[in-house]
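Right after this note come the structures.
Shared between the two complexes below is subunit A, which pairs with subunit B and subunit C, respectively.
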Partner chain A sequence: MTTRVRPRRGDPALGSIALVALGLYVLFIVVPVIMSAWKSLTNENPLLARADFVGFSNYTEMAHDSTLAGSLGFTLLLAGSVTIATNAVGIGFAMLLNKTSLSFRMMRTVAFLPQVLSGVIVGYVWRYILARDGILDNVLVSLGVIDRPITWLGSPHLAVLSVGLVATWGLTGFTTVVHLAALQSIPVELYQAAMVDGAGRWQRFRRITFPMLAPGTTISVTISLITMLKLYDIIAVLTAGGPANSTQSTALYIIQLAFTDDRYGYASAVAMLLLVVSIAIALSVTALLRRREVDL
Partner chain B sequence: MAQKRTAPPPVVSVPRRNRRAWGTRGHLVAAGLLTLAFVSPVYLTIVNAFKTQAQIVRDPAAPPAPPTTHNLTDALARTDRIVQIGLTNSAVTVVASVLLIIPLGAALSFWLSRRSARLRGIVLAGFAAGLMIPPAVLLLPTIRILTFLHLDHTYPGLVLANVGGGYLSFAVFVYSGFLRSIPGEIIEAATVDGAGTLRIWRTIVMPLLRPATATVAIFLSLWIWNDFMNPQFILGPLHGQTITTGLYLSVGQFSINYAQLFGVMFLAAVIPVAGYLALQKQFIAGLTSGATK
Partner chain C sequence: MRHKRPTVVCLAAALALTGCSAASTGSGKSGSTLTYLTFETPSLTATFWNTSIAGAEKKVPGVTVKKIVAPTTDRDAYAKQLQASGQFPDLLQSITPSTFATAGLLKPYDQKWVDANFLLPKGNAYKGKVYVPPTNSQIIPEVFYNKKLFAKAHITAPPKTWSEFMAVCAKLKAAGVTPVELGGGDPFSASMPLVGILSADVLGKNPDWLKERYAGKVKFTDANVKAAVGKYRTMAEKGYFEDGALGVKYADSIANFTSGKAAMYMMGSWFLGSVPKDHADDFGAFLTPTEDGSLVVPFSVGGSMAISAKTKDPAKATAFAQAWSLDPANYKALIEGDGAFPMLKGKTLDDYGVNVTKVFEDSYSYVTRQNTKVSSFGWATNDDSMPSGLNNAFYSASQALFSSDDVDGQLAKLDSAWDSATK
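Here is the complex of A and B:
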C-alpha cells in the first residue's frame, strides 16, 4: 500500500465538511436576505393567497407609514441610549470590581449572572418589579423619592424609559466583564508614573484608563449596538410593544406585519430597511471606534 | 547650589494608614451594595419561587418563611406538562444544534486557515454580516425555506435553522481566532508525514482547539437554550415548545398569579444558572479570550 502525500491544497474530505458548513450558512443567511429582497417587491399575503409583483409600492408606502417611523425612532433611540448607558455603567462597575480578593471575585461572578437568564425571564421578572405598586414603587415610596406609585409600563414615555432600563440591566453584565478583561491589560506602571506626576483620579481615568480600554470598548459597544438593534424577547414580554406602540421596535413591527397582519410583502420591505440600517450603523460605529484604539 | 527636584508631598488630612483602611473598606461596602442591588432581580426570581402567592404580594423582598415547594410541584404537575416537555425539547435542541455546529464550524475554520488570506477575509466578512443581521429579518424566508424542505414546524427544522444561522458565525470567529495562535509548523510536519488533512484536523488540530470548543459549546448552549424567537416562530406555538416558549405560553398576557409564574421561571432558569455557577471560570475565560477577536 502506498501512502500518498496529499498536496497542500487538496483537502477533499475536510473541504467537503467545510462546504457543508458554508452551504448551510448560505442557505439560512444569504438566501433569506435575497428572498426578503424579492418578497419586498411583492404584495404577498398568505391568507389571501396573493403574491403579485408590485415594484416599489411597498417602499413608497413605507415612506408614509407613521408606525414605521415611530418604530425606527424608538429602535434608534433605544439602541443609542442603552449602548451608552450600559457601557458607562459597565466601565464603572468593572473599575469598582477590579480587585483580586475573594469577595470581589464572588461579586464579579454574581455580576454576570443576569446574562445567563433568558430574555423571556428577564422580561417577566421586570414586569413584576415594575408593576404598579410593585417592588420598585414600594422602595421608592418608602425612600421618599416619590409619594405615589408610578405605572412604569402604563404610559408611553415611562414605558420607553422602562424598556431602556431593563435592556441596560440585561447588557451590563457583559459590558462589565469585557471591560474587566481590558482593565487587567493596562500596565500598572502607567498609573504609578501618573501619580508621581500628581495626576488626580479623574485625570488618571481620562488620560490612561479610558483610552487604554479602547479595544474592549470597541467590542463591547459594537455588540451592545447589534444586540439592541435586534432586541425582541425582552420587549415582547415586557410591554408587547405597547402602550400604543410606543415601545414597538422595528423588529417587533416586522413580526407583527408578518405573523399578525399576514402582510409578507410589506414585512419584507420593512425588514430590508432594518437590515440596511443595522449593518450601516454597526459598520460605521466599529470603524469609528477602531480608529480610537491606541497603538501600543 | 542646585536644588534636587522632588515630587510634591501628597496632601493627606487623615493619617495615611487609617485613610487607606477606610478607603478599602468603603470600596468593599460600596461594591458589595451595588452588586447586591444589581443582582436583586435574580435574587427575586429565585426567592419568590419558594413563596406562596400571599407571601409574594405581602413581602416581595423577604426570603421565604417558611419556604414552600408548592410552586415547583404545581408547575411540574400541570396536565399539559409544559415544563417537562419544554425542558426536554430545549435540551434536545441544544445538544443537537451544538453537536452539529462545533464540527462544522471547526472544520470550516481550519479549512479557511489553509486558504489564501483574501478568501479568508471574504468569508469571515460574510460571517460577520450574519452576526449583524437582525433575526426578525430572516424569519419569514427561513420558514419558507424549511417548508420547501418539508421541515417547517419540526424540531429538525429548528435545529437546522440554528445550525445555519448566526450561531455558526460565532463558532467560526472563535475557532478562527484560536487557529491564528497555532504554529503552522505543527500542521506542516504532519502533512509531510503523509497524514490526510481530515486526520490532521481530527487528531492534532481539534485537541489543540479544546479551549475554543469549550467556549463555543458553553455560549452556544446558553444562547440556544434561551432562544425565544426561533422556537416561537420556526417551531410555532401549535407544534411544539421549548422551555422559553413554554414559559411564554403558560403565563399568557395578563396573568398575575405570581406564585405560578415564579415556579415555572425558576425551573426554566435553574439549569443555565447552575451551569454558569459550575463553569464560571470557563464563561469568563471564553468571553475575555473572545474579546481579542
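Here is the complex of A and C:
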C-alpha cells in the first residue's frame, strides 16, 4: 500500500522546480528566438566583427528568392504528405498490434524502433538501401520486377518520393505508439454494444474507433507536422538536398545560408519565416482537430 | 547554502578555462604554442601531418604546434565555425584565401620570399597579396581516358576539337561503351563537365570573364555562356553519360572508371592519385577540347597554410609556415596521393623522391610548358574565385541541367545568386 502525498499549494519546492524549468526554457528557447529575430534585421556575417542594421531588407529579399520558394514548397509538400501517410499507417499498425500476447508486445517494440534511431543513422541506412545498385535495386532486379537499376536518389522526382518514404518510415513508430495508447483507452463495452446492435467491422471502426482516436490523432498529427517542417538530419545524409536542390528543406537551406554562404542575417530571417509558418500551421491544425474532439 | 558560492565560482572558472584553452595561443620566454587547422584524407593521414609538423617544429626553435583536424575535408566551413566561436587558428591549411582575406582575417606573406621560392608567385594572389604559399597546383578538370576502351571503339588518338570529341563519344556509344563517367550524386563532381567546358570556351576566350562578372560587365545569360552550357546539354541529351549518373557518388564514379565501365572521366587532376598502379599505362589524359583545337589549361594554384592576422606570434607563425612550405618531404604524399603538381622553384620530380605514373608526367607537362592557362571555373583561389555561396548554386545548376533543358532559367538563377552574394 502506498500513500500519495498531495503537494500543498504554495509549496516552495514546486516553485523552485518550475523556476528551473522556466529558466531553461527562457535560456534555450526564448533567448535564441529573440536573438535570431534581432539578427534577421542585420547583415551579420560570421567572418566580420561588425554587423549593420538593415531593417526589413532581409524579409523583402525573401520575396524574390526562388531557392527559398522551392525549399518552402518542398517542405510543405513533405510535411503534408508524410503527416497523412505516417498517421494512416500508424493507425493501421496500432490496430494490428492492439493485442496483449507476448509476440504482439515484441512486435510493438520492433514497430517503435525507427523512432529510437537518430535521423543520421536512418539516413545512412536508407542511403545504402536506395543507392544505385544498392540493396533495393538488387532485390528488385533479382526478382525480375525491374530489368535495370533505378536511381532512387538520382532523379529529382524519385528523390522527393524517396525522402518522403524514408521520413514516413522513421515517424511511423511514433504515430503507431500514440494511436495504440489511444486505442487501449477505448472502453470494450462500446464495441460489445455495437456488435449486439449488428454493427460490422467497418461500422465499428467508423463509428467508434476513429472518433475515439481523436485525442491521440491531434497529438500525433501536430507533432508529425512540426517534425517534418523542421526536418534536416535525414535529408542532409540521404540526399544533401539534391539533386539540383529538389529535396532541399527550408531547414537545410537555413544551414547553407548561414554556414556556407556566410549570411547569418538572411539565414535568421528565413528561420523566423519558418518559425511563423510552423506556428501558424500547428495552431490551425490543432484547432481543427480539437473541434473534432469536441464534436464527440 | 554554504556551498553554493564556491560551486558557482568553480563552475565559472571551469567554463572560463574551457573557453580560453580552446583557442590558446601563447608566447613567452619558453616559446609559442600555435594552433594549426589541418584535414585528413586517405593520402594526407594523421601520420603525415604529425611528421610534417614535427619536421617544421625542429626548424623553428621555440614553437609548439597544436594540430586541429577539421571533421571533414571542408576546412573552409570548419574555419568559419572556429572563427564564429572565437577560436580562429593561427595557421590554416589549404583554405580559400579570398573567403577570409576579405574579412581581414589573414596575414599576407612577404612577396619577396614568395617570389624567391615558387614558380608562379602570384598564382593564387588575392587583390595583389599572397595569403597562401603557392606550393602546388591542379588542372581542373582533365579528361582522363581508358586507352583499351578507345581501341575497342577504333579510336586511335584523343580528340583535339569539340567536334572530334563529339565524334569520339558517338563511336564509343555505338560500340556499347559508356562514353563519359559522371559522379553526379556529389554536387562538385556533377559540375566537372561544365567546369571544363566553361573554362575552355568562356575563360579560354576571355580570361578576365570572372573579374568582369564582378564588375557587372558580363552575365551568365550572355550568348557565349549559353552556347558553352548548350554543349553540356548536348552530351546529356545524346546519352553520353549513363542515365542514372545523378545517382552515382563521387567515390563510385572513380571505381566505375578505373574498372573500365566508362571510357572517359572529367575530373580534377587529383584523380591521378587514384589511377591503378598495376595498369596505369591503360590511362591517358587530355584537356577539354575547344572549337578550334587550341589548348586551354584550366588551372588552379593551391597552397599550404594561411596565417591568421590575429595570431599573437606572427613571427613564429610565419617561420613555421615557411619551413613547412619549403620542405620537399611534405610534397611526396601530395604528389603521389593527391596528384598535386609541385610548384617549388628549381626542383624536379626526382627531388621529391616520388614514384609517379606516365599519365601524371604527361599531365604535369601541361603545367611546366608555356601554354594558355586560365583559372579553373569555380576552383580558382585568386581574384577569379567565385563569391561565397556561388559554388553551391553552380553545382545545383549542373545537376539540374543534366535532366532539364531550361538553360536560360538555370543561368538566370546563377546571375541572381551572384548578385545576392555580392551585394
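Keep in mind that, in the parts below, the second predicted complex is superposed on the first by the 262 of 296 C-alpha atoms of A that agree within 3 Å, B and C clash if a C-alpha of one lies under 4 Å from a C-alpha of the other, contacts with A are read in each partner's own complex, and residues count from 1 in each chain.
Here, a residue touches a chain if its C-beta (ideal position, glycine included) is under 8 Å from a C-beta of that chain, and two chains touch if they have at least 3 such contacts.
Because the structure is a prediction, the values reported are computed rather than measured.
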Combined model on subunit A: subunit C and subunit B, fit or clash: fit
Residue contacts with subunit A in the superposition, subunit B compared against subunit C: B
Partner chain(s) touched by A:A240 [first = subunit B, second = subunit C, both, neither]: both
Superposition-derived angle with apex at the Cα centre of subunit A and sides reaching subunit B and subunit C, degrees in steps of 10: 90
First, second, both or neither for A:I219, with subunit B first and subunit C second: first
Contacts of A:I17 with subunit B and subunit C, given as first, second, both or neither: first
First, second, both or neither for A:I279, with subunit B first and subunit C second: first
Partner chain in contact with A:E293 - subunit B first, subunit C second, else both or neither: neither
First, second, both or neither for A:P149, with subunit B first and subunit C second: second
Touching partner for A:R132 - first (subunit B), second (subunit C), both, neither: second
Which superposed partner A:F259 touches (first subunit B, second subunit C, both, neither): both
Minimum C-alpha separation between subunit B and subunit C after superposing on chain A, in Å: 5
Interface residues of subunit A shared between complexes with subunit B and subunit C: 240, 259
Subunit C contact footprint on subunit A (complex, rising order): 45-48, 61, 64-67, 131-132, 149-156, 240, 242-245, 256-257, 259-263
Of all residues in subunit C, those that touch subunit A in their complex: 77, 80-81, 83-84, 99-100, 102-103, 105, 184-185, 187, 190, 243-249, 252, 388-389, 392-393, 396-397, 399-400, 402-404, 413, 416-417, 420-421
Residue ranges of subunit A in contact with subunit B within the complex: 3-6, 8-9, 11, 13-15, 17-18, 20-22, 24-25, 27-33, 35-36, 39, 93, 96-97, 99, 103-104, 107-114, 116-122, 124-126, 128-129, 134-135, 138, 169, 172, 174, 177-178, 180-182, 196-198, 215-216, 219, 226, 229-230, 232-233, 236-237, 240, 250-252, 254-255, 258-259, 264, 267-268, 271-272, 274-275, 278-279, 282-283
Subunit B residues within the subunit A interface of the complex: 7-8, 27-28, 30-32, 34-35, 38-39, 41-42, 44-45, 48, 60-61, 103-105, 107-108, 110-112, 114, 123, 126-127, 129-142, 144-145, 160-161, 163-166, 168-169, 172, 191-192, 194, 196-198, 201, 222, 225-229, 233, 244, 247-248, 251, 253, 258, 261, 265, 268-269, 272-273, 275-277, 280, 283-284, 287-288, 291-293
